[in-house]
Amino acid sequence: MLEEKIIELKKELVEFATLVEAMIMKSIKGLLKKEKTLLHEVIEDEEPNANTFEIKIEELCISVIAQYQPRAKELRTVLMIFKMVSDIERMGDHAVNIADSGLFLITKQPVKPLIDIPRMADETVKSVDDAIKSFINEDAALAKNVCERDDIIDGLQTQIFRELTTFMTSGPTTIERALYLIRMANNLERIADLATNICEDVIFMVEGRVIKHHIEDNNDQ
Amino acid sequence: MERHIGVRLVKDMAFKGLICLLAFASALPLFLILYYITKNGIAVIDWSFLLNLPRPIGETGGGIASAIVGTMMLIILSGVISIPFGIATGIYLSENKEGKLSNTVRLCVIVLQGTPSIVIGIIAYIWVVAPLKTFSAISGGIALSIMMLPVIIKTTEETLKLIPYHLKEASLALGVPYYKTILKVVLPAGLSGITTGILLSVARITGETAPLLFTAFGNQFMNLNILKPIDSLPYRIFYYAMSPYPEWHTFAWGASFILVVFTLAFNLIARGISAKWKIQF
Amino acid sequence: MENTVLKVEDFSAYFGDNKILKEINLTVTKNIVAALMGPSGCGKTTLIRCVNRMHELIPGTRISGRMRLNDQDIYSMEPIVLRRKVGMVFQKPNPFPTMSIYENVIAGYKLNGIRRPREEFDNIVEQSLKKAALWNEVKDNLHRKGTFLSGGQQQRLCIARALAMNPEILLLDEPTSALDPKSTSQIEELFVELKQNVTMLLVTHNIAQAARVSDVTAFIYLGELVEFGPTEKMFTVPKDKRTEEYLTGKFG
C-alpha cells in the first residue's frame, strides 16, 4: 500500500517538474523567436497549472505520512518530495518572470546579439533536466555532478552582468533593456540554484547524506 | 557454611530415596498380583479353554466361552443404555453451569458414584428381575449401565467445558443453530475425551461381580437372549473359585487372567485414543 | 440508497442497566473498508457484534434503535438467516479442528445442511481460498486438517470460510491482534484487494492499522460515535478535539 502511494507521489513529482522545465524552455524560446503567444501561455496557462500541482502533491505527502508512517528511505523520499515541490514551484515563478521580461524585450531593439543568455539558459535547462533524471533514477552521482556544475552557471551570470554594465555606460537608452536582461540572468541563476537544491535532496533521499551548505567539506576540515 | 550445604545435600538424597522406596512399595502389590495371575492362569489358557462351554465336574475339557461372550454382551447392553444418556447429561451440565436442575443432577452423579455396586444390583433386581420373574442379561446390563453413568457424565462434562468458546462462536457466526453447533462442532472436538471416558467406564464394569449376582446370574450355556440369564467372566470366576474342585480353581485363574487382559486392554486403548485423537487448543 | 450496505440509526445497546452504545448513527457504503477505532471498552466490539446479533447470545442484553442491512431490518430477521448473510472473522483464528481445510471452507454450507453438487463445492473452495490469498499455499493439501497452518494462514482460512457464504458484509473483530507482524501485514494487504469483492467493517485497537487500511473511520469513545468520515481527513485534520487527543495518544 505504502509502496504504491510512493510510486504515485514520484510520478506526480516528475510530471510537475517536467511541466516547469517546459515552462522555462518555452519562455526562452519565446524570447529568442520573438513569439508573444508562447510567453503568454507560460504566464496565463501554465503557471496556474503549476500551482495546482504544488498543492496536490503537498496534500498527498501529508496524507501518506499520516496514514502509512513511512520509515527509513521511504520517509526520506516523502519528506524530500515535499521539499522539492516548493523548489519546483519557485522555478515556475522564475520562468514566469523570464517570460515577463521577454514580453518587454521582444518589443524593443536588442541591445546586443543574444549569445550568453541563451548559453546560460541552455546550461540551466540542462541542470534542471539532470536534476529530474537523478530523481527518477535515484542517481546520486549525477546529482553531485549537477551541484558541481553550478559554478559554471554562476560564472556565466557574472560575465553577463559585467558585459551589460559596460554597455550601460555607453548610453542611457540601453539601461532599461540591459536591466531587463540582467533580471533574466538573475532568474536563470536562481533556477539553477533551485536545481542544485533538488539534487542535494536527491542525495539525502538516496544515501541519507546531507551535503548542503558544504557541510561535508566543513566537517572534513 | 560448607558443613550446612553438605547436610542439606544428604537430606535431599535421603528424601528422594524415601519417595522412591514408597513408590516402589505401592507398585509392588500390583506387580505381584499380575505375576500370580499370569503364572497360575496362563497354564490353563488354550483354544479349547477359550472356545468351549463349561462342563460339569468330572468331564474333561470345558472352557469359558459362555463367560467371554456374556461379558461382551453385557458391555454392549450397558453401553447402549449408558452412553446416550451419559453424553446427553454431560452436554446439559456443560451448557448449564448453574441452575437448580444442574446442581441437582451433579449431586445425584456424586451420590451414584459412591453407591456400592451391590446396592445397585439389588435395585436392578427390584426393578427388572422381580417384574420379569427371571434373571436376565438385560437386568445385568441395566445395573452395569447405572454404574457407568457417573463416569461418562463427568468425563463428558469436563471435556466439553475445556472446549474454548471461540469454536462455538465460529459456528454460530455462520448461522448454525445452537443445537447443531453442539452436535456437529463441539461434540466432535471433544470426541477424544468422551471416548476415553467411555472406555474407562467399560474397563471398570468389566470386572464388576456383585451386581451380576442378583441380575444376570450366570449361565453355563451360551445365551444370546437378553431376557434370560447370561454368563460373565466375574461370575464364572466366582463360581469356579468358590467350588471345592482344584481343577475348577485352575479354571478360575485362567478366567482371571483373561479378565485382567481385557481390563488392561481397555485401559491402554483409552490412553492411546486420548493421546492420538486429542485436539490441542 | 442502493450504495448503502449498512445503515445504523439511533442505535443503543445495553448490558443490564449499563448503556454501552449511545444512539449511534452511521452508514457504510459498498466495497469499502470501514474501521471502528477507539480505546478499550468503548463499545466498538459490541457494535460490530450487534450487526450479526451475536451479542444476543449473552444474557441480559437489549438494544434500541435500528440497523438495516441492504435495506432489511436486522432486528426483524431470523438471527440464523441474518448470520448467513453476514460473515465474521474473530480475533483468535478458529478453524474447526476436526475438519479438513476443504471442509472448513464450506463449513457454512455443510453444517447448515445445504447441499450442492461436488463440482460446485470444489469451485466455491477454490474461489474463496483464492480471494483469501491462501489457495497457492494449500491447494495440494486441501484434505488435510488445518492444524499445520501458521496463525496467519489459519486466519486467512477463516476469512475464506466467511467469504464462501457470499456475505453482504464482512465483520472483522481485531483480526490481526493475535498475529505476528508479517502475517498482519499480509492480511492488511489482503483487505485492500478484498474490498473489491465485499464490504468490510473492521474493529481495531491499532490506530495505525485503521489509518493504513480503511477508507472511512469511525471513532467511538465511551459508547458515543465521536467522529466518522474519510480516513485521510480524520488523520490529518480531525474535527473533534477528542479524536485529536486519541490520535496523539493522550488517552486510550
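Letters A, B and C name the chains as they come in the text, with residue numbers starting at 1 for each one.
Just so it is clear, a residue touches a chain if its C-beta (ideal position, glycine included) is under 8 Å from a C-beta of that chain, and two chains touch if they have at least 3 such contacts.
These figures come from a predicted structure and were not determined experimentally.
**Q** Which chain's mean C-alpha position is nearest the mean C-alpha position of the whole protein set?
**A** Measuring from the global C-alpha mean, the nearest chain centre belongs to C.
**Q** Determine, using the mean of C-alpha atoms as each chain's centre, which chain is farthest from subunit A.
**A** Ranked by distance of C-alpha centres from subunit A, the top chain is B.
**Q** I'd like to verify one number: the distance from the centre of subunit B to the centre of subunit C, where each centre is the average of its C-alpha atoms, in whole angstrom.
**A** The separation of the two C-alpha centroids amounts to 48 Å.
**Q** Compute the distance, rounded to whole Å, between the mean C-alpha positions of subunit A and subunit C.
**A** Centre separation, subunit A to subunit C: 50 Å.
**Q** Distance-wise, how many Å sit between the C-alpha centres of subunit A and subunit B, to the nearest whole number?
**A** Here the centre of subunit B sits 93 Å away from the centre of subunit A.
**Q** If you look only at subunit A, which of its residues touch subunit C in the complex?
**A** 1-2, 62-63, 66-69
**Q** For the complex, give me every residue of subunit C touching subunit A.
**A** Going by the criterion above, the answer is residues 188-189, 192, 208, 211-213, 231-232, 235-236.
**Q** In their complex, what parts of subunit B are in touch with subunit C?
**A** Subunit B reaches subunit C through residues 166-167, 169-177, 180-181, 184-185, 188-189, 191, 279-281.
**Q** Touching residues of subunit C toward subunit B in the complex: what are they?
**A** 52, 54, 57, 80-84, 86-88, 90, 92, 94-98, 107-108, 111-112, 147, 158, 161-162, 165
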